[in-house]
Amino acid sequence: MTATRLCRTFQTAPAAVPRDDSAKFLVSGLTSEGFQTPDWLVPDIEDGTAPSMKAEAVDNVVEHLPEHAPDFAGRVLPRVEWAYDDATFRERGREQIDRLATEVGDHLDGFVVPKVGRLDDVRDAAGAIAEAERDAGLADGVLDMAIILETAPARSDLREICAFAADSRLSALVFGPVDYTAELGGRALDGERPRWDGLLEALSNETSAAGVAAIGGPFDQLFCERAGVTYYNAAGYADQVEHEATIGIDGSWSLHPKQTSQANRIHMPRTDELTEALGKVEAFNEAKREGTGAVVVDGQMVDEATYKNFANTVETVRAVDETHPTQTAQYYEAGLLERALSVELRFN
Amino acid sequence: MTATRLCRTFQTAPAAVPRDDSAKFLVSGLTSEGFQTPDWLVPDIEDGTAPSMKAEAVDNVVEHLPEHAPDFAGRVLPRVEWAYDDATFRERGREQIDRLATEVGDHLDGFVVPKVGRLDDVRDAAGAIAEAERDAGLADGVLDMAIILETAPARSDLREICAFAADSRLSALVFGPVDYTAELGGRALDGERPRWDGLLEALSNETSAAGVAAIGGPFDQLFCERAGVTYYNAAGYADQVEHEATIGIDGSWSLHPKQTSQANRIHMPRTDELTEALGKVEAFNEAKREGTGAVVVDGQMVDEATYKNFANTVETVRAVDETHPTQTAQYYEAGLLERALSVELRFN
Amino acid sequence: MTATRLCRTFQTAPAAVPRDDSAKFLVSGLTSEGFQTPDWLVPDIEDGTAPSMKAEAVDNVVEHLPEHAPDFAGRVLPRVEWAYDDATFRERGREQIDRLATEVGDHLDGFVVPKVGRLDDVRDAAGAIAEAERDAGLADGVLDMAIILETAPARSDLREICAFAADSRLSALVFGPVDYTAELGGRALDGERPRWDGLLEALSNETSAAGVAAIGGPFDQLFCERAGVTYYNAAGYADQVEHEATIGIDGSWSLHPKQTSQANRIHMPRTDELTEALGKVEAFNEAKREGTGAVVVDGQMVDEATYKNFANTVETVRAVDETHPTQTAQYYEAGLLERALSVELRFN
């Protein structure tokens, strides 16, 4: 994860729900506070919104973004409809992209496109956004694209899709395990879906090679029950998010403010990680000032690659602080945070 | 798995064994009944038949197919000899394919080709079948091909081989773990072969993207012993087959009628799966009759993709019923089966 | 593993350490005895040598190879500096390769190049060795190349890199899990790195398809502590090496003579494996002498592929015996070894 593409949390919120206030979850996402504010808020016009409410979902986004997006700390990328194997969905997706870019393009950071197929289909989706961008008079490339990786052909073309991402508006790949398992004909015989370890490993590798973000799939066992008491499944979700962090998946899908609150924390550098990174960077800066030739810190040479890793940890903290200062203030001791914000980050 | 390529069970039967009746297992496979009838019977002229009996194995297939194949409910695809790295085997394989196509081509559904290598070798095998088909005066493309995925070059070319399959007579890929492990130099130091999870996941994905069938490898620990009593290892085989079903492998390899009997059941839609699918399809049909615009069933929009999934479950039951009515009659409650056989399956 | 590229053990030894005798570990590696002699000794000029000692590390290799290499049973391939994303490292690597090829080229078997990227970068590294070889007046292709697989782009191009290996001086791929995990952004949240099973499986497959060697990553938990006593972690390392052998990884990375001693044994055919291979080969030879047509041993036809597997086991023992006779003498009963050394190994 590079700091410029901070996406610890990818929170979907249905853009319309069957209530008096159909934009309830959209607005609560846009006005969330503290650790409940996601890095990416994804107003969901696709699977999270009932079929009869799609039009109202788009209306809700058009209506509420101008009011709330300017004060929202994260980025906003609606998920539109799309399907590599169904032209009707692609047509609807193009209309949704067009209307949103035209009417609230200034308040959008991009679009999330689900159920893409092979590279050609991904190119088509990117083309639809480019066209909408032009028609809306927006600057070229200002709208990002994320795709949901949830079909067999997209998994088959993962390497080519990531090569395309390295050089296009495609900036994140998000795993969609439910549709993926259905498309492969997998059956939850014992109630458990496979984790698809091979896919996750390849996703982490190819997105790293392309310099784009990788996001894990949703965790839908939000609540547990034991002896008649229902409680939030904090342990189950944290286990999944920690596993994702371990294998280099940059961010996690959230379905609930509590999940956002956990994943925002887990994907932040921990105090010990930040302390080590700052120590290395500060010692490097000191050695540079003293004109020592090779810069060795604690017996380890700090070369450009090593420096970049430590600097990246500090820059991630800065990126979080810039957009979510209440999170950094709450998470780090004041002196440590101050050092992170003030240290010089320049290799040469 | 599409219903047209029903392959819950891929049962190999040695085409000649060293007994007075050398065709014993071939004939018992061809005359099996009930749940012991496999979807594919594979008379094995390759590794299952002793080297000295290859000619007799081909003779047995030529002799017994005309009598038993017409009444056999499944498909018949003999496994011939082949090896990407040994021209002698390929020459023998071509002769076996030629002779069988010429003499009993009308009773065959295709051939299983083992130890293929890179895409070029797979094309060669397909070409050998095309040539035999022509020479035998059979209709173009009437003979299918399945390959055993059991060499490093074939695994390396898996994606390209499946792209070829999407547009050729190649209609199934079957995993061959014993030869595969040997070719990679794997050693069973603790008596256990690796499961090769990465290969199985890729096999499920690429065959799904190509629309062809994926079949798991054989399970050879047929029997267990405990305290002096030997018994059929029903649990071990069912565990493997259920794992295959979980990750979207369409069918399982069987070495024994009892294994066939288990895998036929595990790869059938369960009663709860069929009940759900029928409920959705029937409600969709009802809504369509009433002229409701968007068709929503239980709050879920039934789009073409969703409909296809449910319809596919029903079609699988119909395909089983068409070829193995004793299996469906035994497995499903009569009313449920009747609904599956009579419901209208048409999206538009 | 083919016998001609015997690499059970890939032992790195820092080429210069901050001691009075800075070549201590280099020389002890070159003068190791018995099972502590690795098949490949890798004088480490890269990460194993402190930045301030790189020049001294190259000097040490130049100084000590002429004295010790002629009597060293294994092969010697120094690890030089390199990085696909940093031209400074590549420049230093070229200088190290040039100087070593020119001054001690006759005592070298090749070079180990770390942190390579996509295929183009691997070609560049091979080109640097080719150029140095020419400039040093060495025979074309006499110097092998091994690469460390430890970056996202190299993993992405693994298949293409192995295809290149099949036809070039690239003869081994070695896994580098520490840098690989860092590059993917993986975090050791619970102190454990992922094992990267998908990568290892692909590495075993692609190197097998290309006919080159695959080597596992280092195991750095050399010692354990319990109740105040520190002891060598023999079990942890053996577990990793056995897992590697199980999935067809040909050899293991060693950081210590004790690790070399274990991995040399684990990657040798066991007595039961050698006994079986010899039995098959001898029975085959007997049958051939008697002029039996098809050669069947214990009911199994010994075809060329089967014969090659058994012959390869015997040839591995011969290769070990040729270079490390004290190891074979200690490991095998004398009669068995004598049979392995004297049996005729010729299929036709």
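For clarity, chains are labelled A, B and C in written order, and residue numbers in each chain start from 1.
Following the convention adopted for this analysis, contacts are C-beta pairs under 8 Å (C-beta built on N, C-alpha and C of every residue); 3 or more make two chains touch, one makes a residue touch a chain.
It should be emphasised that the depicted structure is a prediction, and the values quoted were computed from it without experimental measurement.
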### Query
Mapping chain-to-chain touches, which pattern fits: line, ring, star, complete or other?
complete
### Task
Compare the two sides of the subunit A and subunit B interface and say whether they are made mostly of the same residue numbers, over half shared, or of different ones.
different
### Message
Between subunit A and subunit C, how many degrees of rotation does a Cα superposition need? Round to steps of 5.
### Response
120
### Task
With chain centres taken as the means of their Cα atoms, state the distance from subunit A to subunit B in Å.
41
### Task
Find every residue in subunit A that makes contact with two or more other chains and list them.
197-198
### Query
If you look only at subunit B, which of its residues touch subunit C in the complex?
50-52, 83, 85-86, 88-89, 152-153, 155-156, 181-190, 192-194, 196-199
### Residues on subunit B engaged by subunit A in the complex (per definition of touch)
1, 159, 162, 197-198, 201-202, 204-206, 208-209, 242, 245-248, 250, 266, 273, 294, 296, 299, 301, 303-305, 309
